[in-house]
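The following pair of complexes shares a single chain, chain A, combined with chain B in the former and chain C in the latter.
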Partner chain A sequence: MKGYGKYFTKKIIWFFITLVAAIILNFALPRLMPGDPVAMIISRVAQNINDPAVLRQMYESYMQRFGLDRPVIEQFFIYVGNLLQGDLGLSFSRYPRPVSDIIAHALPWTIGLQLPAILVGWTLGNVLGALAAYIRKGFDKALMPIMLFMGGIPAFGMAIILLTVFSLNLGLFPIAGGFEQGLIPHMSWRFVFSIIQHYHLPFWSIVLISIGGQAIGMRSMSIYELNADYVKYSRYMGIKDRKIVGYVFRNAMLPQVTGLALSIGAMVGGALVAEIIFSYPGLGTTLLQAIREGDYPLLSGIALIITVMVLLAVFILDVIYGLIDPRVRAAQYEE
Partner chain B sequence: MSKIMLEVNGLTTKYITRYNESVYAVNDVSFQVEEGKSVGIAGESGCGKSTLALSLMGYYFPPLHYTKGDIIIDGRNISGMDPDDVRKNILGTEIAYIPQAAMNALNPTRKVIRFIEDVIWAHDPKISKKDIHDLARERFETLNLPEDTLNKYPVELSGGMKQRTVISISTILSPKVLIADEPSSALDVTSQKMVIKMIHDLMELGYIKSMIFITHELPLLYNVTDDIMVMYAGQIVERGSADQMIFDPIHPYSKGLMGSILVPEDGTRDVKITAIPGTPPNLKKPPDGCRFAERCQYVKSQCRVQNMELAGLGNGRTSRCMMSEEELREAYKNE
Partner chain C sequence: MKNTLKQVFRSANFRIGFIIIVLILLLITIYPIFSPGNPLQMIGYDSFIPPGLYVSLYDSLDVPRIYTLRLEGADQIRIYAKLRPTDRELIRDWLLLYSEYNEVFELRKEDINLEDTEALLGLWWTYFDPEIRFENLTIAERRAFARLDTRIDGIFDLYDKYIWTYNPETGEQELVGSVTNLAYINVSDVTNVRLLPLGTDNFGRDMFKQLVSAITTSLAIGLIAGLIATMIGLVLGLLSGYLSGFVDDVIMFFTNLFTVIPGIVLLILISYSIGQEQRGPATVAIVIGLTSWVWTTRSVRAQVLSLRNRDHVNLSKLSGHSLPRIVIKDILPYIASYVVMAFILQVSSAILAEAGLSMLGLGPRTTETATLGLMMNWAMRYTAHLSGAWWAYYPVILVIALISFALNLINTGLDRVFNPQLRD
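Moving on, here comes the complex of A and B:
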């Protein structure tokens, strides 16, 4: 396990380096953007006030409140300090609601939608790819073009296709939202049923776009592994085919785990787009509103949360990968 | 006369190509191997050596197909047996195989001991884990392999160690016939020596009862095996003792092959190396007559029409040539 400890330490150090970089970027980017958010708030709040002195006073009071009158370095440390306390500032567009509160309401929807969808898409894609490699013939020939097609459709395209077909034309599922409008969220059968009904289309649109790419990757990995020398040797040692297929798919899965780590950022991005199209009450939709309304604290808060989630997912996958592939440990040992 | 461990009668196997053409890579091969003996198979690349090795296992995967002939191991005919029966009761226990590319013969993500368990359980699921571990430890000890090899992953072993590990695994069920397909070709000379010593030990300790050793390195065969068979275009062209074959080959092809040996001995710097001109025939359409006729310097018109059978020459030697031993010796003398 010595090799693994080294691997783990390295991964955790990298995780923190990228996290710090993400926080710095997240702090700097909104401040580099053109436009004065405080002026925007004033213009909205103070529509009937024409006295320049009062406006100036309001402006200064907001500047003070948001801490924008202090030096940038000081702002940064205040920002980090607040961040550590879970304080992401106050939303501009829903002032004075705290950003952390808005995110806390949207986050469960996003995690509840994306985590199962990405995992189901990844698993189904890998199973289909492995079957295509093992069965070959007609199954492979029929499946692969479909997978190529699905893998090639952008996230919004898939969401729009599903929306048009199943909800506009066939009327099987609701068009938008996370639950029926007018319902108050509480534990009741009607509410749960409504959530499940609204869940289907965004869920399947994310699953379908993840399946394609995964199936194609898994198929070629499995074909490669099926022709490996150890397969032939194991067969000639009398080991049953079923057992050998087990070896093959376990080994073919390994690059797929790395592949998931590499593509999870893009997958989350695509899933956010799917949320927007279905007006799902998660981070994606909130993000769009924040962009529209120039709500910088909310925007950067969401961006930070998404970045941290993706970094965390990649870190977890790296840790798992080190556990399931002995070669990674051996490589660390040699260094 | 000692017991016959392996008897092969008229064995013919073919590859079926993607375009449905049949390539008879092993054509009407007959020979015997007695208990305690080792037989070498020599020949240039593509002559069917490795295909013969695989064909002898009695277990065929596409594109290799069985056509006709008998493989009799210690009195038991395994050709025509149910494949699952062969897998369970023949492979590894009666006849075992050491692959050409032992570098990749082991599943990279499985510890050596786990693979040994898989091998043994494939033949007898009732054996306890402890018995398997005891057997493996005992074998590794007698064959001078470090015991901790068992708990390593194949990636953690050097090339020579990997090859010796594979040999120990192949022979762990004490097969009656061991087929070694170029087990030392990819190794440096020191590892090669260890592998050869190990193979001698296996025979001496009685872990194997007979052996077929395939290589294109003729000097190695002289060291390792009792008899040598020379193969050409899917057929055996000559068989004799190692001494006879190396120093006194009779068949024109063997003669040419032995003439191409490079040995770093006194005076050999000035010896001219002879190579056999031409290339082997296309086995999709083998010639009617002698398969070597095109490249033979002693060819007669009759050779192109009539293919000879392997015929005894006395002294236990056999050869496949139109010309008699005397005629050939006369011809060689005049060179």
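Moving on, here comes the complex of A and C:
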């Protein structure tokens, strides 16, 4: 396991580098833009305030809060200092609620929705792709165009299709929200049932769009592996087909794990927009509200949390990859 | 070159994808010629007019000739159109409620035959009373009953309808004609007729025209973003793969960084900071292009790494050719197919990225142009799905999916030609 330790250390260092980079970007991007950011924020928030004295006061309080009158380096340390204390500022639109509090309420919904959905979509996609590669013929011919087409539908599009068909027309599922309106979140059968009812459509819309891309990737990898020399050699050796298929799919799976790590950012982004369609009480819907109401601190906080979530997911996938691919350990020994 | 094209066109996937794209291109070039004008012009006073052929009622009264046709079943169709199955159920619901409310009047669900129009209406006209307030009924439900009553009033009447006009000389209303229930006009006689293949959106704008214009803008955004991303990716990938060493390390550091930092977050932060006023379609395209070059960089670099030590490249080096010449003559032709494939994927993902951004309200500013994403955003913002206005969002989703599907088909077709191992 010595090789793995080395790999793990490398990955953990990389995780922190990316995290720091993400924080810098989150800090710097809005400040790189031309114009006075605080004036812009104020102008968006204060459309209904006409009293110049109040506006001036708001302006100064935000100038002070962001420390914009100080040098950039100092501003950055103020920002990081606040971050380390878990302080993401106060929300404009739900003043004076702290941003971290709003995010803490939305985050479990998003993770609870996206994590299982992406994993299920990934698994189903890989199984279908592998089957298409192995069976070929009619199955492959029918499945691949469907997968390609489904892969082309944006997440929110799939969400709208499911919503209109299953909820508005067939009336099988509720239209919006994460649980029945008027229910107070608590542990009871009624509440749990209501959550499950509201969970179905957002969940399946994410699953369905993840299947397409994964199936196509897995199919290509499997065909590639099925044509490899070791497969032919094993066949000549008289090894059973079943066993060979096992080897093939194990090898084809490995790039799919990396593929998931590389595409998880895009998947999360798509799923966030899908949340909006169902007004699911997660980060996506909160993000939309933040954008509509010009709530900059909330927007910035959500952007950071999404990045951290994705970076963590990539890190975990990297760690798993190191465990299941023996070549990773071997490579570390060679260095 | 000719041979490659021939090979590419032999792939069924490529052909289908190519045909879809060509059809879409034909549509967006030809349709505006036949239907000029501003696609965002608001023509409807109502929101979400359903698709159909719209005939001017005013002009219909002035047609040169009115025909008399005795069509079989016309009366039944007319009554049916006024009393749809949902209306019949509504009548039954009211009667059942009334039967609970009035102890003398007794009626069971089985007794009511929904198909028997006359009996059903007889019961309704005898017992319906808008003054009765049943318990557990919302205002909307009570109003639905009242509306139904107005709508079916005089449903069996076959009286002639009279047309009156204002006479400016006498200042009085004058009878100018009458219409029997057997009168027909030929639609081609009517001067003002407008086909709205996809109805209108919430602002009363012709959906089809808007969709055609949105496809044009979205494709342009995809192309610009794809070109920018491919150029950046190509240059960085070539530099990093060919030069190696420090340059490679720096470029790969940033490439790896932006591979894991989700592009949508960058898009959101940048688009928000730019502000609504400054965000035109071109700006959005540039921002998308600037945030999506990593994939091209990675694949170009990988290709260049495998090419760098080939004999023909070494020979070129030994012959003292300059770096640009080696790159252009000895490396670029070999990676061209990958670059084209990466470009196609960039275009398709840029169109999706624009749609996602616009859904979040961070797309191009909404006053001058329509894009596929903006159309979706409008449909959702004005809850087209709750009004049953499928024409406001399904066609847009279909178009996005079709473009993306076609580009992906083209790509898999190319992939099979340039990656012989995937061939059947």
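Assume the second predicted complex is superposed on the first by the 280 of 335 C-alpha atoms of A that agree within 3 Å, B and C clash if a C-alpha of one lies under 4 Å from a C-alpha of the other, contacts with A are read in each partner's own complex, and residues count from 1 in each chain.
Here is the rule we go by: contacts are C-beta pairs under 8 Å (C-beta built on N, C-alpha and C of every residue); 3 or more make two chains touch, one makes a residue touch a chain.
Just so we're clear, the structure is a prediction, and the values are computed from it rather than from any experiment.
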* To do: Between chain B and chain C, point out the one touching more chain A residues.
  => C
* **Partner chain(s) touched by A:L107 [first = chain B, second = chain C, both, neither]** => neither
* Asked: With the two structures laid over each other on chain A, which partner does A:S234 touch: chain B (first), chain C (second), both, or neither?
  -> first
* **First, second, both or neither for A:L262, with chain B first and chain C second** => second
* Determine, under the contact definition given at the top, whether A:I223 touches first (chain B), second (chain C), both, or neither. => second
* Determine, under the contact definition given at the top, whether A:I153 touches first (chain B), second (chain C), both, or neither. => second
* Which positions of chain A sit in both the chain B and the chain C interface? -> none
* Contact set on chain A toward chain C in their complex -> 14, 17-18, 21-22, 25-26, 29-30, 32-33, 35, 37, 40, 136, 145, 148-149, 151-157, 160-161, 163-164, 168, 175, 216, 220, 223-224, 227, 261-262, 265-266, 268-270, 272-273, 276-277, 287-288, 291-292, 296, 299-300, 303, 306-307, 310-311, 314
* **Residue ranges of chain C touching chain A (in the complex, touch as defined)** => 256-257, 259-266, 268-270, 272-275, 348-349, 352, 355-356, 359-362, 376, 380, 385-386, 388, 390, 393-394, 397, 400-405, 408-409, 412, 415, 421-422, 424
* Structure fact -> Per the touch rule, the chain A residues reaching chain B in their complex are 228-230, 232-240, 243, 247, 250-251, 254, 324-327, 330, 333
* Which residues of chain B touch chain A in the complex? -> 54, 57, 59, 61, 87-88, 90-93, 96-97, 99, 101, 103-111, 115, 118-119, 122-123, 153, 155-156, 166, 169-170
